[in-house]
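Below you'll find a set of structures to go through.
You will see two complexes here that share subunit A, one where it goes with subunit B and one where it goes with subunit C.
Our next item is the complex of A and B:
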């Protein structure tokens, strides 16, 4: 039995394009509040980085699902590592941080490195002495971990800064190091061997 | 003559975030929730194994349980859908119809996931339920003999 058509509106919200731009100053303000909020509640730098990391993870898990649907459509997903990393470096980075990350390198069998010469979350941050070696890039590391783990490629993800090379005017380069669990590497090898 | 359908959604953490009967024919016995859960969960293992064979989101028929067919689907972010169809349907629930249903569910799932007020392990909510039921009504309900499609 079908209900009459007047049974209330079926508000069918669609995902939409989601490409609206946000002023970087607005983002910087919100991020600054996030950092200050946690800074007042943690005991040391490690905890602060972990708090930022967790915040990033929640963003990564959510944004990835929506972005993947928008860009890939509903028929395909990444079931191999390299395409997933490339998707993260280009599409997700652009959507979350405003531009694609600068490079993606492989270190070992199980270690990959994503680099950004001017990471948005570090752009307006200058770390005071009492916070030592705090790196707000741990927010980005959390975003990446959220993506990798939810997609089925569990990994440990950390962020560290490196000085710019000679001839490079940008200040700090933020590097996101991903170390994958054994099961991921084994599965990749198995799928390669096919 | 009895037939029924149920959708189970399991998130990347392995938690069941949606589990409902979607449609049934007028004379079908109300399927118990725990039987639906059993079928859904068993099919999940097969769906997971199938996930790494290709880059497709639609995993097609993944398991059979007596007279119930379980179809699987996996999203980029690790969400897994299992649609069980049991009993005698009018005609064939073709792959294409089920794929379209899963596509609608996938979009609704991505929207539900974006909600910052909702924890990842919580139920997907009413908007998802409405979207799924509407898609079911449009695409799959025509296959049910004398269908009751929603409450």
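Our next item is the complex of A and C:
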């Protein structure tokens, strides 16, 4: 272990590329256990979604940190909203969920929507009727929230599902809705020079 | 298995002529009429029957009530276990198929003791491949589903959909 040698090499060496591939079934089983763990400790659907959201936030903060270092070398980060979201959609999503998210859309300036037609955390999940509109995508929403918060773009992030339209056989789409705080939007405007 | 020598082909043609219509219908694709999943203690955890239309346009359907299916599943589980015990050779995996006059039954037992069983009309079916796909569906959409309790009845819409897909891919062959 060279890390403990005290010569300061830890800060100078670049971060390894990391292993980007894990069997999807291994991930699915761990995630399944995570949901079951929290389910036994909450009273209702809302609490369960919050618990998943919080678990995801921790993942998001760490994944973003690691990816920022890997991709940019020096750990340089985006200070503008759109590049950050694109970075999330492509690089982070690919590393956390195995594929880039399908689309990124803007609504009313301060609302952004990230959608994934086959989100890994929802791929194998059938929610029983007694849990109503529970969406395990809350975990992904938490991941996004963790990224945005640690990058300095506080936002409210929620997940909801939508059924595919007729003729589309992709199944359920998971949508992650981000509503940014006022200060973020104002800062963006200022930077735009308006 | 996949390559047929000309000699074997001739032999087969002679056989088919000798056996007449019976052999001809045996060459038609078989249709799946039901899929069962039996847990390791012999309990039925999934059962679904399908209406299968054969080459002559006749519909085959299995009509069993819920209690009958439970009973048959547990009988099959016992028969399967007995077959393994009484086998004169080592390494017997139990009954893999049963061929009857009017239908065939195929069974696959996973390492965990879960059995996937399907019944088909008479005819050719890639039983191994189909059972394997059904087992994969069980693994993916039931075992990896956080809301599925082990050894309990499977009520997962994604599993239902995948089983329907597997059956459709077999039943719509021509």
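One rule holds for everything that comes next: the second predicted complex is superposed on the first by the 176 of 194 C-alpha atoms of A that agree within 3 Å, B and C clash if a C-alpha of one lies under 4 Å from a C-alpha of the other, contacts with A are read in each partner's own complex, and residues count from 1 in each chain.
Please note the rule applied: a contact is a pair of C-beta atoms (placed from the backbone, for glycine too) under 8 Å apart; a residue touches a chain by one contact, two chains touch by 3 or more.
Given the structure is predicted, the values throughout are model-derived calculations rather than measurements.
Asks: Just checking: does A:136 make contact with subunit B only, subunit C only, both, or neither of them? Give me first, second, both or neither.
Replies: A:136: touches subunit C, not subunit B.
Asks: Is A:80 contacted by the first partner subunit B, the second partner subunit C, both or neither?
Replies: After superposition on chain A, A:80 lies in contact with subunit B alone.
Asks: Tell me the contact category for A:66 with respect to subunit B and subunit C: first, second, both or neither.
Replies: first
Asks: Between subunit B (first) and subunit C (second), which does A:39 come into contact with in this model arrangement: first, second, both, or neither?
Replies: Only subunit C; A:39 stays clear of subunit B.
Asks: Who wins on subunit A residues touched, subunit B or subunit C?
Replies: B
Asks: Is A:31 touching the first partner subunit B, the second partner subunit C, both, or neither of them?
Replies: The answer is second: A:31 touches subunit C but not subunit B.
Asks: Which partner does A:126 contact after superposing on A: first (subunit B), second (subunit C), both, neither?
Replies: Second partner only, subunit C.
Asks: If you look only at subunit A, which of its residues touch subunit C in the complex?
Replies: The touching residues are 25, 28-29, 31-36, 39, 124-128, 131, 136.
Asks: Considering the complex alone, what residue numbers of subunit C touch subunit A?
Replies: It is residues 139-141, 143-148, 155-159 of subunit C that touch subunit A.
Asks: Can you list the subunit A residues touching subunit B in their complex?
Replies: Touch residues, subunit A against subunit B: 1-2, 10, 12-15, 58, 61-66, 68-69, 72, 74-80, 149-152, 187, 191.
Asks: Which bits of subunit B are touching subunit A when the two form their complex?
Replies: Residues 12, 51-52, 54-58, 74-79, 99, 102-103, 106-107, 109-111, 113-114, 116, 120, 127, 130-131, 134, 137, 148-149 of subunit B touch subunit A in their complex.
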